[in-house]
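Quick notes on the structure that follows.
Here the chain labels run A, B, C, D and E in written order, and each chain numbers its own residues starting at 1.
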Amino acid sequence: MMSPTTLIRRIAPALACIGLLAIWQVASLVLKNDSFPTAIEAIKAIPDILSDRESLINILASLRRMAMGFGAAVLFSIPLGLLMGRSRAVAAFFNPLLMVIYPVPKAALMPIIMLWLGVGDVTKTLVIFLGVSLPVIYHSFEGAKGVEEKMLWSGAAMGLSPLQRLVRIVLPAALPEILTGCRTGLVLALITMITSEMIARQSGAGNILFNALDMGQYDTVFAMIIVVGAMGICLDAIFERIRARLVRWSEPQFDMPLSFS
Amino acid sequence: MILRLISANVILGLAPIALVIASWQGLVSFGFAPAALLPPPGHVFGRLLQQLVTWTFQLEIAATLIRLFAGFAIAVVLGVSIGIAAAASPAINAAVRPIVRVLAPLPKVALYPALLLLLGFGHGSKVTLVAADALFPILLSTYYGASTVEQKLIWSAMAAGTPRYEILFKVVLPAAMPSILTGCRIGLVISCIVVFLAEMITSTDGLGHALVTAARTFQAVDMFVPLITISLLGLILNALLGAVRSYLLRGFPEA
Amino acid sequence: QQTIRVGWTIPAEESKYWMMRRPAEFPDLGKTYNIEWTQFQGTAPMTQALAAGALDCATQAPLSLSNGVVGGNLKAYIVAQHVFEKPGGFSVYWAVMDDSPIKTIADLKGKTVGISVIGGGTQGPFNLLLKQNGVDPTKDIKLVEVGFAVSEDALRQGRVDAVNMNQPFAARAEAKGGTRKLFSLSQAMPNIVHILEACRADFVDKNPELVKAYVRDITSGMKKALANREETLKVVSEVLKAPVPVLETYLLKENDFGRDPGAAPNFPAIQKMLDIYAETGMLPKLDVAQFKHPTIVAPLQ
Amino acid sequence: MKVVPSRSSEWVRPVTPQKPASAIIEIDGVSQVFQTSAHKDHVALSDISLTIDEGAFVSILGPSGCGKSTLLYIVGGFVRPTSGVAKIKGAAIIAPGPDRGPVFQEFALFPWKTVLGNVMYGPRQQGVRAAEADAQSRSLIEMVGLKGYENFYPKELSGGMKQRVALARTLAYHPEVLLMDEPFGALDAHTRTRLQNDLLNIWERDRKTVLFVTHSVDEAVFLSDKVVMMSKSPGRIRHVIDIDLPRPRRRNELLLDPRYQKYVVDIERMFDESDGAGFPA
Amino acid sequence: MKVVPSRSSEWVRPVTPQKPASAIIEIDGVSQVFQTSAHKDHVALSDISLTIDEGAFVSILGPSGCGKSTLLYIVGGFVRPTSGVAKIKGAAIIAPGPDRGPVFQEFALFPWKTVLGNVMYGPRQQGVRAAEADAQSRSLIEMVGLKGYENFYPKELSGGMKQRVALARTLAYHPEVLLMDEPFGALDAHTRTRLQNDLLNIWERDRKTVLFVTHSVDEAVFLSDKVVMMSKSPGRIRHVIDIDLPRPRRRNELLLDPRYQKYVVDIERMFDESDGAGFPA
């Protein structure tokens, strides 16, 4: 037997999606705007995309790039963020550099990037990498900063070297916060996966979307948006599983009591 | 003592930037990049100084900044309030969580044409795009921070007779502040990127537009001036945010 | 086996679409040489890619190519031509709403006008026409960038008072009705060349045979495209992911752009355009001869 | 585990919940079961019944981990018991309120507020004007011996200092019932004695009800009207002992009082005898 | 503030740093000044000199906030003193090391590890094989009375239980010097007594050096060879008292020993007399 609240919790995602689609449908009917098709039109266009072999290959190619960019970013950013969080000097060294690099839109740097990396996978993966690494670095940074000093002292007293402390104490202690960064990173990975294909396209989900946009086929554009949204839900659900497993120890003991009564 | 520490840190921070500029110069000098695509840094900074004092360029910067701040401010207000509400109330959480899951990963640029038609070619569409993109990192960080607030802090405040909704402002908000500010930092960077991108796609003013016009006619130096400007803006805004941060978090152990 | 890196865009390069989609129809393609296709949004980024050496050949517009030459140290040859404005065929035009008070170009004074790319290829003739009618394009109108895809909507929503129209969007808008043509580019000059094929000079000089094979295939691709409209519709539909019935309304019909059967570049027309750009201050004076390769130019058999 | 019958001494009476007219807090059959991360049930409190009279000073003694803090959370309204009810003035406790002021074992100071800010929080929340709250808070801070530390942040305080701030913060808003979880645990003997006296003074003056968790038998006997002894695994009430010593109590007088000595020795012996200590031999 | 001359009793000697051959820890003129958030300097320790012999059990007593924890941090190598040096075996202490095992006042358990995981952490780090470390840790956990809680996470433990895990975690890797900051502060009298005995047993068996912060005069006298009394504002050493009681000590024997009584009473009196308590009258 499921209690009503768990039942609601279970079906809440479906309800929310349906709600969103309904709002969309109404809004598009009210606004009457060709570049903003109704939800139903968009949904009708989905099968066309998903039944096309080539589209599927495109989407898979994009996902592969995303996975690579995301993986590389996580592997690179967590150590950097942790180091920055634990060493003032490292933070002082990298912080201004990152803050100079990140605000520049990669699209604007395309001519230069093309010069060295061409227009292929490497460039797009790099863009995804940059998008993901931003939140992961900063959440790792702040997470590492917030680690209780005495825990590190305990570790040091047990004979852990600074590196070991970083890996075996700072990393797990900051993990909840790091994972928040990874979650934001996942969101940005999907976004940059699409936008990295805005200017130069070979094969990919963004290719489908921006082509449709250029051609003014807005039902396909929005169908693609729905597909990306669905990917978002799936990836997020998988991520949530992993997260819950990794940081079970940090879950609050009691529900936030503000919701009593 | 503190002054010396700060200046040491500043030097440490400037070092890699100087290194980047030096290798940039190196790339140009040793012919790894044609000057038509990558002008020498000296030219770019020279032109930047020239431009900075001109009224038209200042107007471009102002246009970009207005959009940046407006979009970022909207994102902060929405992100923080929704994030805290979702952490505090299971009902809101149940509604917000799936919506965030769906909406967060959408490529918002794809909606830009629709936004243009709905909100016009002025500030509105760009501000909305900035807000939409900067919102989710802030929201997610806030939610994380708010949902891990030490229970006994809330209990203490409740026992002191704080009404529930006030607890959100008096306890949850300040206790979640470290995370919120991390989210804001990410949101700020994204705002910089998106405002620029939006101006690149369709605009009649702003730094992004300045870049596009220069790029189309291959005026490499003029193309790099807005790029460097947005870089510097990012650096300055981030430094300001850092100052706000160390003020707000002065009581926290990690500050 | 050599590879040639080609940039392309949508929507009007039928010969290249044939090469992409029906490679078996081309004897050399995939056998003596390979093509690595990369799609771009617009011609300007492709010019940058050519200048950066990231592409060997690409679709170009006369203006973007010239910009690359003037500002980007690019040296390139025009090897083929995709579409142009043939007299009587489609010409990019500015539309207003039926009930708009704007009746002549002069009426545009003080209005908001949309153009697909500010500083783009259409702006030269556009500026010229405005000037001829006593409208200063920099002072008298408010110019906003409106991509072709959203032109119709922007106009209908009243975001702009006049906006440029291109195929296939023009066909769609006309089918719906409610808009009318104010003026078209052909009024500035006939035979405007919209897009052509250009290859980097150093690449051509190094691989003349390779480029020759490529240009040969473009030529034959154009032939196939014009000869077999039904198949072309399918090919274009595959590339554009646009339904055939939509394409049916204009593609390769009277209301479409013109295509040279041999894909031959119309150098005099291009020179005329360069002159207009020079006249309107968008470019210094340029001679089209520098884009001409003595032998490698469509049509090639 | 059965309840051991009380020992045959006149001041130890068996656990029989009864309800005098002046009861302010009634705990009736309260149990608390926690779900551990290993998805097992862990019984922290088992069938606790206890009545606390208005104005009484009740101490809870018990082995570490027997559920003292949990019991306090339930009375505070922070945690809902798995079964049973706790009532205040006849009404079921469902939420925290300013009538019950907790001093937590972990202090739970607001890290973003200074010492003064922490102490002033309660009065300000109760609508006391700023100037007045400031003055009151400063005198409380002085009372707990932290004059000069008003503008320190919690992270800059020692353990004992934090504990004293937590104490002052709760006293500042004058709750009717004080729920104190080892409030003097981190203090040296000297400071502790002073604060015990201060607490007794406040209590005698305002006649607050105090529920006081402590590990010191001395302290419990010295301060309380009633000592509740708990045992472990699962947490149960073992004995309830009325402390029949005259008030006002002075420490140096009391130390010489043989009755005081007897209480202390007897309670200590009970501790030792209790099989409920849950401690391996 | 001048150092009060020592009282005329044979076991109180003035603070004179001296260096016997067997000194393991030497603290020499150590001061610690903190920068507060208000950008003021706060002197926590002022000119502390102290020598601890190898194998000695030294307790530190002092009013809350006098710098006991800070002193421990310095010996641990966690904090560098503002001036002066602390040495271990003649070498300046510049970093923490497995020769000095701290038990922190705030426990500082690893929240992502279970009780067993926390306790096993040290031995594993020292290269003890998993099975062996597991067995050792389990027996330590049993010693501190937490059998059955091996798989609990720290957040699921009571205050006293966390403290015992922290104790077990440090004992598990056998540091030569134990730096214990009120390690029994959150424990009930019964558990505390047992653990005191266990600690004494370990100490007598392994002849560890122990630096022990406590608030209980009883405890200090019962356990120590030497009691260091500190005073506050700024933290200074007031007295160093050698406890000349026979070993092994048994609590019930000792309680009847008049010398023990005298030590306790005298130290308590010193506390009261000390103007350094920094406490308003």
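Here is the rule we go by: a residue touches a chain if its C-beta (ideal position, glycine included) is under 8 Å from a C-beta of that chain, and two chains touch if they have at least 3 such contacts.
Here is each chain with its UniProt name: A, B = NitT/TauT family transport system permease protein; D, E = NitT/TauT family transport system ATP-binding protein.
Keep in mind it's a predicted model, so treat the numbers as computed, not measured.
Among the remaining chains, those touching chain A and also chain C are B. Averaging Cα atoms per chain gives one point for each, and the point farthest from that of chain D is the centre of C. No other pair of chains has as many C-beta pairs in contact as A-B. Relative to chain E, the most remote chain by averaged C-alpha coordinates is C. Centre to centre, using the average C-alpha position, chain A and chain B are separated by 17 Å.
Chain B and chain D have Cα centroids separated by 49 Å. We define each chain's centre as the mean of its Cα atoms; on that basis chain B and chain C are separated by 37 Å.
Computed from the mean C-alpha positions, the centre of chain C lies at a distance of 83 Å from the centre of chain E.
Across the assembly, chain C contributes 48, 51-52, 147, 149-150, 153, 157 as residues in contact with two or more other chains. In chain A, 33, 35, 111-112, 115, 148-149, 198, 210, 213, 249-250, 253-254, 257 are the positions where the chain touches two or more neighbouring chains simultaneously. The set of chain D residues touching two or more other chains comprises 37, 78, 95-96, 106, 153. Listing the residues of chain D that touch chain B in their complex gives 73, 76, 78, 95-98, 100-102, 104, 106, 108, 110-114, 121-122, 125-126, 153-155, 169-170, 173, 175. Listing the residues of chain C that touch chain B in their complex gives 44, 47-48, 51-52, 64, 67-68, 70-74, 117-120, 142-147, 149-150, 153-154, 157, 159. Residues of chain A touching chain B in their complex: 5, 8-9, 12-17, 19-20, 31, 33, 35-36, 88-89, 92-97, 99-105, 107-109, 111-112, 115-116, 134-135, 138-139, 141-142, 145-146, 148-149, 176-177, 180, 183-184, 186-188, 190-191, 194-195, 198, 206, 209-210, 213, 218, 221, 224-225, 228-229, 231-233, 235-237, 250, 252-259. Those residues of chain B that touch chain A in the shared complex are 8-10, 12-17, 20, 33, 37-38, 87-91, 94-95, 97-99, 101-111, 113-114, 117-118, 133, 136-137, 140-141, 144, 147-149, 151, 154-155, 158, 164, 167-168, 172, 178-179, 181-183, 185-186, 189-190, 192-194, 196-197, 200, 208, 211, 215, 223, 226-227, 230-235, 238-239, 252-254.
Within the complex, the chain A residues that touch chain E are 148-151, 153-154, 156-160, 164, 169, 172-173, 175, 247, 249-250, 253.
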